[in-house]
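Each of the next two complexes has chain A plus one other chain: chain B in the first, chain C in the second.
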Partner chain A sequence: MGIIRASKLIYEYIRRDEDEHVEEVNRAIDQLTVDIKKGDFVAVLGHNGSGKSTFAKQINGILLPSGGTVWVSDMNTSDESHIWDIRKTAGMVFQNPDNQIIGNIVEEDVGFGPENLGVPTDEIWKRVDRSLAAVGMTAYRLKSPNKLSGGQKQRVAIAGVMAMKPQCIILDEPTAMLDPNGRKEVIATLHELNKKENITILLITHYMEEVIDADRVIVMDDGKLVMDGTPREIFSHVQELKSYRLDVPQVTELAWELKKAGVDLPDGILSREEFMNAILPLMKKRFPDQVNLEGYCPDVGTFGTESAVK
Partner chain B sequence: MSIRVEHLNHIYGDGTVYEQYALRDVNFEIQDGEFVGLIGHTGSGKSTLIQHLNGLLKASSGAIYYNGENIYGEGYDMRALRSKVGLVFQYPEHQLFEVDVFSDVCFGPKNQGLSKEEIEERAKDALRQVGLDEKFWEQSPFELSGGQKRRVAIAGVLAMKPEVLILDEPTAGLDPKGRDEILDELTALHRDKHMTIILVSHSMEDIARYADRIMVMNHGEKVFDGPPRQVFHHYRELERIGLAAPQITYIIHELRDHGVPIDPDLITVEEARDAILALLGKAEEKEEKGKDKAE
Partner chain C sequence: MIRDITLGQYYPVDSVIHRMDPRTKLFGTMVFIISLFLANSIVAYAVATVFLILAVRISKVPFKFIVRGLKAVVFLLLISVSFNMFLTPGEPIFQIGFLKLTWEGLRTAGFMALRLIYLVLGSSIMTLTTTPNELTDGLERSLGFLNKVGVPVHEISMMMSIALRFIPILIEETDKIMKAQMARGADFETGNLIQKAKSMVPLLVPLFISAFRRATDLAMAMEARCYHGGEGRTKMKPLKYEKRDRIAYLVYIVYLVLVILLRK
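Moving on, here comes the complex of A and B:
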């Protein structure tokens, strides 16, 4: 049984007029059933308004189901007595780092969460040390958060969540406001936490390149789960993704376009290395004297081995 | 018509120990009808720079000429400048406030002191230009989706009939389709209305596809300025200053490193596809297929 489970989850935004009569019901989540395994790195894709953020807010009880059930570590989110344990278990990071940072200096900000949980002072400092080290921000602990870059601020926000010792972190477009370097920093930090601390990660994003290293990708549309699989499985369906207003990484799109035009390439190429492994031998055949295959071994390329293991 | 920036400096805490250059000796000229991409990492001075272009920030030294006139000259009409150079901030939908979409778009031209008919005409034009269906015009802007709200905010600036439109990351937080839609609409404005567009973006892929010229900022200085192909040639330098080139650029360079005779200047998926197909001898085949279909 997974750390996060939703069964036939429904959530409706209800608009009422001044007399509390229902004017409009907007179903943001429609019969969503999903089971997230502990320790997985899961990416959630979907267009604006597909229900991703609403789902994220269900997981730590900011919103409660209109129908169906959500369990976090076997605690039902609708059961009020569990709400604080649920929020300790599942921490959230939002899009805008400036809205989430409150401390005057970095270490204060990171300590804010555990302080609110009533953690003893010694233990707070231990957690602050550990969390800052985990996101690679120890050198900045006495700096003002205002002086940090966007990516650094987001890492401080992640450290703040880490300090509450969650088993799972849900991030709602944490890189939308960052430059390419900031985005790389944050995504690398998340993979570190996932591998070293075994924290389950649920990453909501619109950047397809951030998804390729996830263990699992789920795609939402109209409040429903419409695709679910490994990045390779998901990105093999270029046409279907486009129908959900989504996209694929440029390298995947290029490989797909070439394949459509008759070039012999495998489905769902995700990285530059995979693309090179597939295309260089073809180029070698055309230009035997010019092309070298240095650094590439097409027979045992990443592409073949990984799918064979699975 | 043009925007000319000469030796522009913007210094915070001038003369104190905290003195810091937000812009340092920036020079360029943007001609009428250009589509310029402005890139740089967070804190590189992009946003500071664009706020100078419509007079929201005043330079510590240097000059800006709009259509040949110095905007810091005595008696220069800053108000008029601000309606000619429209600035769409990051997350502009946070600035929506009216009861319905249409009134919100009318706000700008209303402040310009135009007649009611003119105001409404402009609002309608602007909403059509951003492709917002008429059924939304009477709705509250707060009930719209993220992409729709952003269109309303852009329409609000367009309704002032600017000659230059500057947008600070207009696609941040939008899904891929919404991003393409907004950028396609900007391209249409650029093409059909001959509007000058300055697009600030963190997406190298978008810039490669849409801009004719790229300016790169780093630590308050302009470090590159040229056509996208030329600027992305310097992908290693771009990486050193916290940026990158589009993924396609890396693929092309890696192919070349392995001896594949491919044009180094390709920056979009379509260009790379066509070049690789030609190299593999598949291009004719594809054309023939197309002919068969046509027949």
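Moving on, here comes the complex of A and C:
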């Protein structure tokens, strides 16, 4: 029994004409059944329109199911009396950092959630201090959010959710509008929260690089759950991923292409280090004279200063 | 140019004025504005000037930063000054056609200009030293009695604080859209007034659409963070009067009495 469970979840966007007649029904989520364990770092992958964002909004009751049920820590999201408890348990971070920061000062924004929950003043300050420290933004607490970079704003948004003491945080493409540095910043923060505070993370994304370190990857396509497993399992099926219009990390793709061409590499290579460790012995075997492995450090997958190939 | 509006931009330094209760600052701004309309002699304006300069000094906000807020009202200032200068009846200095420059006009125009400038400067000090959240908190508390007659005070103050937060964002967005349209050959500068107004349409439409989209997003984000109106809400920074606030009130009273006494 996980913290987030969905059973046969259906959600339909219904478009009506002026006379309230149904004009078009667009099924965004179709019979989705999923169970997310407490403390996991779960990544949800999917192409545009795969229903992954809709699924995220289901979890904290911003959207309610058209059919089926969603439970968050055993509370049914359709049950209106639990709605604030559900939102407190499952905090949400959205894509656009500007459109979710309410406060004009970083610390006031972080305090917004606890204020709404009716937390006493002293406790709000403690929570704000802790949350800002957890995302590494204490130094910016008196700054205006407008003066921060995208990655910093997103970290403030995460702190704002943290201050509500959630058991799980859902992030709906939090890095889509960030530059590569901001992206790294945010993902590193999430991993830290996951490990140190044992917060369940549900990261919705379409950047493959962010998925590699997750505990579990769920792939959605056309409203359905189509793949579910560890990153290695998922990325072993390059062909299948491509059929869902998803890319794989560059190095995984390279390994896959090489393997197709007849090089004896393992399936599901995820990082550059892994790739180097797998390919270098093969190169050495094939071209013993040209390849020199002296100074190679397998832990980081690089050489000291000398080059391997003369 | 539009980036220069300082209204609603908090200037984060630590000063006595920054630490004051927002209600005190609101009341002070009100007193200052009233005093500007009461004052009608040069001495009274001198007192107001001293009061303003002292406030700026104590607030530790650089004077340059405060003055920048004036750029937004230059146009209004010019219009009102020239109207006052030429259309006030009295002893003429010289005359061109029906335009008459009079001593009285010059005097009223001068006071008018001072009034407007001080008004903007005075309220800038408040907005520069008070975070918009504090400001709306102050308004909410001071106007709380209106709740009893059915005015949604909390909701209004929340809307104000959000509006203030989004001013710089929307300004930046306007800038961006403007540049994008200019890159595709749009012309915002030349032509007569009607043509200029027309050329604003391709600027306003995308701006409005994006503002509405932001509003939807923000509403969702607020709901996701359990916002459900003012009921049962606690405050991170509850308002409390301190010694400095009492002193400030005292200063206000002395100041106001002084201005009234120095009236002609």
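Note that the second predicted complex is superposed on the first by the 287 of 310 C-alpha atoms of A that agree within 3 Å, B and C clash if a C-alpha of one lies under 4 Å from a C-alpha of the other, contacts with A are read in each partner's own complex, and residues count from 1 in each chain.
Following the convention adopted for this analysis, a contact is a pair of C-beta atoms (placed from the backbone, for glycine too) under 8 Å apart; a residue touches a chain by one contact, two chains touch by 3 or more.
Since the structure is predicted, the reported quantities are computational estimates derived from the model, not experimental observations.
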{"item": "Chain B versus chain C as contact partner of A:291, first or second or both or neither", "value": "first"}
{"item": "Partner chain in contact with A:208 - chain B first, chain C second, else both or neither", "value": "first"}
{"item": "Which superposed partner A:87 touches (first chain B, second chain C, both, neither)", "value": "second"}
{"item": "First, second, both or neither for A:191, with chain B first and chain C second", "value": "neither"}
{"item": "Which superposed partner A:130 touches (first chain B, second chain C, both, neither)", "value": "neither"}
{"item": "Partner chain(s) touched by A:118 [first = chain B, second = chain C, both, neither]", "value": "second"}
{"item": "Chain B versus chain C as contact partner of A:283, first or second or both or neither", "value": "first"}
{"item": "Chain B and chain C footprints on chain A, overlapping residues", "value": "none"}
{"item": "Chain A residues within the chain C interface of the complex", "value": "57, 60, 62, 84, 87-88, 91-92, 94, 96, 98-105, 107-108, 111-121, 124-125, 128, 142-146, 160-161, 164"}
{"item": "Residue ranges of chain A in contact with chain B within the complex", "value": "46-50, 95, 149-151, 173, 176-182, 206, 208-209, 242, 245-247, 249-251, 253-254, 257-258, 261-263, 272, 275-276, 279-280, 282-283, 286-287, 290-294, 296"}
{"item": "List of chain B residues in touch with chain A within their complex", "value": "40-43, 90, 145-147, 172-179, 202, 204-205, 242-244, 246-248, 250-251, 254-255, 258-261, 269-270, 272-273, 276-277, 279-282, 285-286"}
{"item": "Touching residues on chain C, where the partner in the complex is chain A", "value": "9-10, 12, 131-133, 161-162, 164-165, 168-169, 214, 217-218, 220-228, 232-238"}
